[in-house]
Structure formats: structure tokens, C-alpha cells
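Structures are listed in the sections that come next.
Okay, so chain A shows up in both of these, paired with chain B first and chain C after.
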Partner chain A sequence: MNVQTPTLGIGLFQPIVSKLTRHSSGLVVAMVVLFSAVFLYGAFTAPNFMTLFNLKTVIRDAALVGIMAIGLTFVTLSGNFFLLSMKETAALCIIAFATAMSAGYGFEISFLFSMVIAIAAGVLQGLLIGLGGNPIVVTLGAAGLFFGIGSFWSDNLVVSFRRPHGAEWLGTGSFLGLPNITVAFIVIAIVAELALRYTNFGRQVYLIGANRAAGRATGHENLSMAIKVCTIASVCSAFVAIAFAAQVSSAHVNYFSSSFGSSGDMTILVIATVMVGGNSIMGGYGSTIRSSLGALFISAVDNMMVLHDFNSGPRVLAVGLMIVFSIIVFALINRGRRVQE
Partner chain B sequence: MTNPDNNAASTGLFNRSKTWVSNNPDLAFSILLAVCVYGYFALTNDLFATHRTSYAIMERFAVLGLVGLALTLCIVAGEIDLSIGSNAALAAVIVVRFTDSIGAFNALFVALVISTTIGLVQGYFIAYLRVRAIVLTVGTLMLLRGVALFAAEEKTVMLTDFDVTDFIQTKMLGYFSPASLLVIGVFVLVALFMNYTRYGREIYAIGGARKEALAAGINLKRPMIIVFTISGFCAGLGGAIIGLRSGTAQALGLQYLLLAGTVAAFIGGVSILGGKGGVIGAAIGTLAVNFLNTGLVFNVTPAFMVQLYLGILLIVVIMFQTGSRVYDNYQRRRSILATVDGRRDQMLENKKKIQV
Partner chain C sequence: MNYIHKAAKLVIGAVAAMGIFAGVSSAQAKTSIVSFNGPAGEAYIGKFIKGIKATAELNGYDIKVFENQFNQAEQDQQVQQVLAAGQLPDVFIWWPSDAVAGLGSLRALHKTGVPVLKINQLPNEQDKKYIFGYAGPDDRLRARNAGYMMREAAAAKKAAGGKGFNVIVLSYPHSYGGYGLSINAFKEAIAGSDLKIIGDVDEGFGQANGYKGAAKQIAKSKDQGIDFVYGMDDAILTGGIKALEEAGYTMGKDVIAVGTVCNGDKQLIEEGKQFGTTLQSPLHEGQLAIKLVGEFIKTGKLANYINFTPNPAVTKETLNTTALRGYDGKLYGINELCSGAWSD
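Moving on, here comes the complex of A and B:
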């Protein structure tokens, strides 16, 4: 692991640059240069891309995916790969929130209710993963379960609640000219980064992710860690669900399967964000700031391609290429550095 | 007169089946589960145990069986292929789009070549870059969706000529259609390959004990490439069958295949640690899932409830596997501790004897 400098901005790029110069082949450098050249060309030629208003749009688009990606980063950093149930957890929580709101229980109670469900979902998955279940398979099953419960509960209908309601400030309000969801994204990103760097818990996440055997030898079992990180990821999904419900004043289990991005699958978009940000999927290396920047980058590329009149096919293709590209680059950089299990 | 002989034969059969069950507990469990599900629906619903339903189940088997087989092979090799739904969707789009212009056979050929090549390339990258398959396939999942959207021009593509659709659904030999016969042929071939060729045994070796396989001189790249090539072929064939049968294809469809296929593979007795399970298990697991699916449809259950049941089933199977592994570890640790304690007591006694 690198020694990370405490300054947020410089600490991020310095390890990447030093790694590139130390390990990389010409191929990697060529790929990075080519990719940034295409991006910069697109950015400068797209109409209205480099305006302040568009910058705000990009951040706002990135916010919801970014919050989920920050939650998922904890799971990835702790070496538990990723959760395939992010979107379904959000779907269950959005139904819970909207049902409570439409029954007339105010924002606070609905919020807590939704969070309790998210925590239960996170603990269930974390328990199974921590006991030794494969994260992918466990969360694949959990995804089916949560989606089924959400559909059953809402009868596969749209649950709506009338304006004015207590959640409007979160969904449509703004603070100092920034939408509140964007503000929440920035606050969550900073809090998560500080927690990872300066708290015991954060350092334990890195330890267990980097070397599980060493973690076990020093008394940090993966069981409690898996429960904690899965709960964090679920709570982040629930927060996104609540923010989205507050924005549109309604809920349906398919909101996160169809309304987001161009790919039609929020979970994969979130995983893409974590990967494109440059976190090591095997754990132990990365940070939540990287995920936030990954969200901004994907959102910027998407925005740019929309401004260039691309349809959804090429846009999904571009995001897919970005993921595969980052996987290949990181695999080439890290090759031979770490023994495969 | 013949009674003793008969008795001997029946006890022999009984004993033999008992040893078979104790030798293959996972397969026995999956057969039991399949029979129970079938029996439940056959008893509660008059229409279930009929010829037509069996034909419909075999039709479903054609697609889900291929996906279950592909995932079984991947999990046997200790990896998992998440891009299977996207690969199938891409093949479906290609077949449906090009059937009208170049004929069904050529379109099928093109689609199979493309999906098999995708599998091959994936396997090559996984083996060469030494990344875990889930990492790469989650990327190709999105990439192939993009390619499929591109190929379908973001629309739902449709057949105009339904001759092929009719042909692959004609009844043959009572319960089968050309599609399901083809799939059964694929199953037999893959079973022979996995059980009786060296390359097939290597797949089990790298899944069950990768370090030992490496020490035994197995090239890790070859089995990985073979597994993902077969997986890509199966996904493509499954997608092509769905596309031709329904006459339409969507680039964003077929996402449910991954969950259903994984459930089928796990019921069929694979272990997430790899090296366990087989083609027969995959077939039986798929049949169990199909019985459940079809029976739920007969009882007018909405589609999302099917997903709920599948999710529960998967979690229960995983809980059993994890639980048995945790229990095994616990027992092993206890027995080691007991041995250590025993030795210590022995040594203390010896010490006492010497001192006396």
C-alpha cells in the first residue's frame, strides 16, 4: 500500500503518476494518453460543454450514482468484491419510504423506517458473506429476494405521495445555488474519505482488504467487517432511494432499473463507477474520492456524448469500454505484484 | 422359489443405491428436490402432469439448461461469468436482425461465431491478465449491452417471416422440439468432454485445487480459455433460440438468465469453491428450476414472485453450503485441539513417570 499524503487533492494523483512511471509499459501509457486525448478533444468540440451551468449538471447527474458508489467502495476496499444487490436494495427502500410517506407518517419516521430496512438488508448480506459465502452469489440471491419483496409489497404499482410533503427540501431544494442532493454528495464524499483515512475503522478496512490473513492474525475477522461495510453500502443505497423519491414524489421498484443513465441498470453503473475511479477490485487499494471522481468522469463523458448527439448504444458502449480499459490498465500495472489466491 | 434371488437382487439394488447416494450427496439432493417440486405441482394442479406441460418444460429447458450448463462449468473452474445475459441478448439481436436478409442458418452461424469468439477473448484476457473473472465479466456485461444496443439500433428487432419460429417448435419424439434435441446433444457432448478427456479433467483440477494443479504442471491458461469459450457458445445458442422462438429480441432483455442459471447450477451441486458438480447436476438443477417456474406460472403467480422464490432458493442453498463449511471447520479445529490436548496430557504423564 502507498503512504497516502493527508492533502486530499494532491494525494490522489501522486500515487497514480508515480505508479505509471515506475511500472508501466509503453502500452499503458499509450492507452492513457489516447483516452485523455479523445476526452479532451470531445470536451473542447462539444457545444456548451465547458460552461458553469453544464458543470453543475454534470455534478448533479453524478450525485446519486456517486453516493451509491461511495457506499460500495467500502465493500470493495475491504476485499469483498461488490454487491450485485445495490439497485434492488434501493428499490426496496424507495417502496418502504414512499409507502410510509403516503400513509402520512412525516419525513423523519419514513426516513428511519427505510433506513432500518436498509440496515437489516445489509446485515443479512454481510452475515452470509462474512461467514464465507461468495459475495457475488449471495448478493445475486439477495437481489432477487429484495426485488421480489419490493414488488410484492407495492403490488408492482407506483406508490405516490402528494406535494407538499416533508421531503421536498431534500429532493428539490437547493443550498447556495447547489441542489441539496449535490450538497449531500459532496458532504458524504468528504465524510467517507475522512473516515477511511483517519479512523480506526477506516484503517481496518484497508488492512482486511489488503491482506485478509494478516487481518485475521491481528484479530480483525472479516465477519464483523463484512457486516459493517455491507450495512454502509445498503444505507447509501437507501439514502439515494429516499432522495430520488423526494425528487419525484413517487416510487416504483423499476425506477432504478430504467430511469438511470443509459444502460438501464444502476447496479452495473455503480460498479462501473467504482472500477473506473481506479479502485482495486481485489481490495486494499483505492479511496472513496476515486469513486466520486469516477462518477464525475462517467457523468461528464455521458453528458459530452449527449451533446455530440450520440444514442444510448454508443454511450453504454463507451462506459463499458471505460470499465474494460481500467481493468486492463490496472491488471497490467499490478501484474506480478500480488500472488493470486 | 425365486424369492431369495429376488430378495438378494433387491437388497443389492438397495445397497447399491445407498452407496451411490452416500457417494453423490449433492446429486441425490438435487434429484430429491426436483422430484419433490414436480410431485407437489403434479398433486396440486391437474394440468401439470400432462404431455403438453412436459413439452413446455422441455422447451424452457432448452434455454435455461444452456445457461445453467455454462455457469456450472464456470463455477467448476472456480470462476463465474456475469456477462452471460448480455452475451445471450447480443446473439438474440444478431440472429433476429439478420435472419431476414441472410437466412436463419447463416444468421445462427454468425451469431454463434460472434458469441463464441467473445467467450474466447474473455477467457484469454482472464488467463493472460490473471484477473478474477467477475472483474472482467462485469465490464464486458456493460460493453456487450452497448454492442447489442448498437446492433439493434436501440429498437426491439422483430422477425417478419415466422417459418423458422414454427420449425424450431415442431414436436418430435413426443416431448421434444428441434431446439431441445439440439440442447440435449450439447449436454451429452459437454458431459463426455468433461468426464473423459484430459482437457475436461483439467477444468476440475484448476477449480478444485489451483495451486496443486499448477504444481502438477497444468497450464492454467488453457482450461480457463476452454471454459469461457464453451460458456460463450452456450450463451449465444441460448440467446439465439430465445430470439428465434419468440421472433423478437431486445438489447436490454434477458437479464433474468443470470439469476435463474446460477440457481440451477447451485441446485445441481456445484460448490462456489470450485471443482465440484457436473453436467448431470446442471441438467437436474435446471429441471428443478423449470418445474418451479412452470408450476408457479400454472398457479397464476406474477413474474416478480418467481424472482422472489428463486432468490430465496439461492440464499437457502448458499446458507447450507456455508453452514456446512463453517461446521466442518469447527469440527476440524476441535479435533486438532483434542489431539493437541491429548498429546499434552500424555507428555505430562510421561514427565510424572520420569520424575517418580
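Moving on, here comes the complex of A and C:
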């Protein structure tokens, strides 16, 4: 069994660098060097890219996708692949939150209401996956169910609540010059990583993800794990939904869907973030910090391309290339590692 | 006894035949419409569907709506299903997901001999021979009115001694058909004024993408100074206004925002954070489509081949007094006409 957890902060890069040099072929090193060179060239030649204001923009831009990706990372690390219902869970929760807010229930009750729905959504999916359902099929079905409920509930209309309201601090407030959503992203990233590294639950996530049979032999069933990780992912989706509703004082089931533009479909973007972070799709290897960095990286590349006047087409292409690149590089690194072992 | 049985059978048969005949004739009398359009889950299209259904019912028409998830392949399949079923309606309403890619389906609809009304996207050279008319918004008029509104705001700023007339544009995706029409009409409207476009970002539709696109454009254009922002629709602009506020701009004072479509947040106009918008009513679009179907059924042609819905400018001053008469004769207030966060 091979369970690895990366170190926090600067230490994160150390295993990557050492792996590149120890386990990887010249091809991998060349790819990484080439990609880094293109990125750095783009970053340093883009007007205003390296300003404090823009760097804050990059982090803020990554925040919503990053929070969802952190939640999804638990699912992926535990060997349950992906939840294809991330954006639909958010759609249902944003309608729940806005409906409660517009009915005058205030932030706290609306927040709890939305979270209860998220937990129910997570438990339902986790239960079905834990009982042996295919995660792709289960979450595709759940996606339709959640979106349908949200759509029916809101009658496909925008649900708005007038300012001032008790949620503005979350949507538009700031702390030490950073938007509160950015602060929330940083806090959630740190808490999630600590939970993965220093708690029994975190170790079980890696254990079951790396080897389900071994996990079962040591009394760690996937049923309870699937319920827990799906609930975490759903709660993260709900948080993003609430934060976004708080920002624009309204909700619509389609707020997280887009057929056009560089952002594309939210679920796909969240999965891309987890992949670009280098987490193993089969589970057992990766971290939430990797996903957070994946979100920041995608955001930085997108930002840099806007500053270079690229429109949405090439930017979508860039995200696609990043996923392909990431999969190839990490696959080659892992293969090199296995050969050496 | 036998005669009684035979007589009873005759009576029952006659009654049944009369019933069937009556049913057939009433079915024949009732105009049937099939509409191909986007999903009701999209706020604008949701209101449009309500508009066509309610107006069709009012006119005694049967209407069947096929929704696609902004997917031309899905819409093509729906067309094939309808054609394969063999029960053709009296009129097709055609809102293509992608007018160019959907040309084959439009041709297939036309080949059936059933007249086709195109809606929402202006006819192009290729598809106009397959349709009997167009109903929908005028992207150019809408954008032009937004440009004129911005000119007006710029002139007022200049008269008050204000400086700085740099404009950033929060666009539809550049690959979207409406982009070219909107940006060109807007540019024509502001030509010759002090306004100068310094940036144009396309992130996607909706508030979230508007926010993201604006945040990046702000980082790029901050040093030059951002004085005006044009959102190609209000949903995109709503996100953009949030990004500008987060970046420390006071909306209405540091930056003047103008949008279109009224699918964003009415409260932003009430608060003076958005100077104005140009109204575009999905309800009207649906009603107009049905009105034109009625006109065509009755006379075999349309008085006008191109039929636009009205796009009046709306500002804080006119917000509560703007109303439009629907094609059903009723007067509608702005909350009913707009499709975003407009209801109180």
C-alpha cells in the first residue's frame, strides 16, 4: 500500500521537484520546463500581471471554484471518482438560500436551511455510492434530480432579495483588504488540509482511496466514507452557492451553468481543477492544497491570457491543454516511481 | 329482439361516428404550433415560453414546445423526432441554438411545406429563404440605445466639469452571434463623442462570468482609468458592478454603468449604481411570435418580414413609469416585462 501525504506550504513543491528529478524521464522534465517557461514569459510580459491588485484578483477569481474543488478532492482521494452533481447541488442550495432570504428569514436561518439541503443531498449520493452504485451514474442522476427540484421550486425565475440584507458581509465584505470570499477560500483550504493530514478521518480517506480491500480488512467500510466525503463536497457546493447569492442578492438555477465562455460548465471546471492539481483520479494520492493550487493556477493562466487580449476561445483551449498536460505529466511521474520501486 | 339489437348498434355507431367527426373537425380547426427553443431553466427563455403558451391559449391554438439545453445537436434530434412522428403542425417556430449549424434542420422543416417563423436571431442570407418572417429583439437597436444613453451620461459628466471617458465593455462571448451586432451598434452610437473603448472582455453569460471578466479587465485597465462600463446584458453587468465595487470604485460616481436586456438587478438602477438599461421583454417576444403566426394563418403572408420587439431605454427616472402594451392588449409594467431580479 502506498499512502502519501504532501507537506504543507513551500514543502509542497519539494516532493514535486525531487520526484521530477528522481523518477521522471527527460520527456517529463522537458515538458515541465517548457510549460513553466511559457507561463513565466506570459506572466512577465502581461501588463499589470505582477501587481498586488491583480494577484488578489487571481486568488479571488479562484475562490469559488477552489472551495468546490476542495470539497470534491475528498471524494476523489477516497477513491469515489467525482461528483458530477457539484453545480446542480449549488443550484438547488442557492435557490433554497435565496427563497429563505426573500421570505425574510435572515442570514442565519437561510444559511442553515441551505446547508441542511446540502447535507441531505450529500448523504443521499454517498449512500447510493457506498452501497455499490457507480459514482458517475449516481451523481449524474442526482444532478438531474437537484436541478429539476431547483427549477420547479423557483419556477425558473430569478429569486431576489433586496439590499441591505444580512448576507452582504459574506458576499461583498472584506477583511484586511481581502474579500471575505477569498478569506473563506484560504481558511477552508487550510482546515481541509489539516483535517486530511492530522485526523483519523483524513488518514482513512487516503487508506480507503489507495486500497479499498485493505480498508475493509481494517474495518473501514466505503459506505460511511462515501457518505462523509459526499457530504463534505455538497456542503462546499452549498457554501459557494450562498456566497454567490450573497454577492448578487439573487439566485437562479442557471447561475452555475454556462455553455459559452472561458468559465464553461462549473462542474467540469471543478473537476479540471482537481485534475490540474495532480490528484490521483483513482484515489489515495493527492491533497486539498494541490486542488487549491490547481484553482490558482487555472485562474492565473486565464488572467494572464485576458491581460494579453485573448478572447474566450483560446482560454477554453488553455484550460483543456492544462488538464491534458497535467494528466500526462503526473502519469509519467507515477509510472517512473513505480518502475523504481 | 334482433332488430332491437341492430337498431341499438346503428344508433351507437352513428353517435360514435358523429363524435369522431366532431373531434376530427375541431382538431382540424384548431391551429397547431410546434416551437423549438432553448431551455425554460434560462430566465429569459423561461419567460418567453410562458409568453407563447399563454398567448397561444388565448388565441385557441395548440402549442408544443421542444426545449434544448443550448445544444444544436439536441435541437436537430428534436426536429428529426417531430418529422418522424409524421403529425405536422400548421406552423413551426424556430429559435435555433446556433443559426449556422442548425441550417440543415431549418431546411428539413421547410421541406415539409409547413411555414416556419424564425425568432430571436435575425435571419441571415442562408436561412431567409426557408422562413416566412422574423420576430424578436433587435440586438443593434438595443446596443445603440445603450450607446446613446452612455453618450447622454458622458455629456452630463462633461458639462459638470468631469474628466475621464474611458469605457470597458463586458461582452458576450465573441463566438456568439449577438456579439458582433451589439459591439458594432454600440461603437456607432458613441462615435464622435468623448467616449473611448479601452477594453473588451468576454468571459461568458451571467453574473458569475460578468464578475470574473470584469475583475480581470479592471486589473488590466486600472492604470488607464475606468470611467464607464457597458454590459452587453444586465446579468453580465451585475457581476461587473460587483467587481468594480470590490475594486474600490463608487458606482454612479467613479464609474457609470449602462446595460441592456433588463435581465440583471433592478435595485442597481434604483440605487444609482447603474445608469440605465434598454428594455427587452421575453414576454413580448413570445406574444409577438404568436401574433405573427395568427396573421400568417389568416392572410397567408406578413405585413412585415422583420418584426422587432420594442427596446426602450430605461433609467432611474423612468423606471417606475415605463410600461408597454402587450400583443394581447394588456398593459404590462416593468417587473412583468423584465426577466432578471426585477420583482419586488
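Convention: the second predicted complex is superposed on the first by the 323 of 341 C-alpha atoms of A that agree within 3 Å, B and C clash if a C-alpha of one lies under 4 Å from a C-alpha of the other, contacts with A are read in each partner's own complex, and residues count from 1 in each chain.
Here is the rule we use: a contact is a pair of C-beta atoms (placed from the backbone, for glycine too) under 8 Å apart; a residue touches a chain by one contact, two chains touch by 3 or more.
Source: prediction; values computed, not measured.
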item: Fit or clash - chain C, chain B, common chain A; value: clash
item: Which superposed partner A:Arg162 touches (first chain B, second chain C, both, neither); value: second
item: Partner chain(s) touched by A:Asn134 [first = chain B, second = chain C, both, neither]; value: first
item: First (chain B), second (chain C), both or neither touched by A:Pro314; value: first
item: Touched partner set for A:Gly106, first chain B, second chain C, both or neither; value: neither
item: Which of chain B and chain C A:Ser249 touches, first, second, both or neither; value: second
item: Partner chain in contact with A:Met282 - chain B first, chain C second, else both or neither; value: first
item: Intersection of chain A interface sets (partners chain B, chain C); value: 147, 151, 156, 253, 263-264, 311-313
item: Chain A residues within the chain C interface of the complex; value: 47-49, 51, 53-54, 57, 60-61, 64, 147, 151, 155-160, 162-163, 171-172, 174, 179, 244, 247-250, 252-264, 302-303, 306-307, 311-313
item: Of chain B, residues touching chain A in the complex; value: 80, 82, 125, 129-132, 134-136, 138-147, 149-150, 152-154, 251-252, 255, 258-259, 262-263, 266, 272, 302, 304-305, 307-315, 318-319, 321-323, 325-326
item: Chain B contact footprint on chain A (complex, rising order); value: 81-82, 128, 131-134, 136-138, 140-149, 151-152, 156, 253, 263-265, 268-269, 271-272, 275, 281-282, 311-321, 323-324, 327-328, 331-332, 335, 340
item: Contact footprint of chain A on chain C as seen in their complex; value: 40-43, 46-47, 69-71, 172-176, 201-209, 211-213, 215-220, 222-223, 238-239, 242, 245-247, 265, 267, 271, 339-344
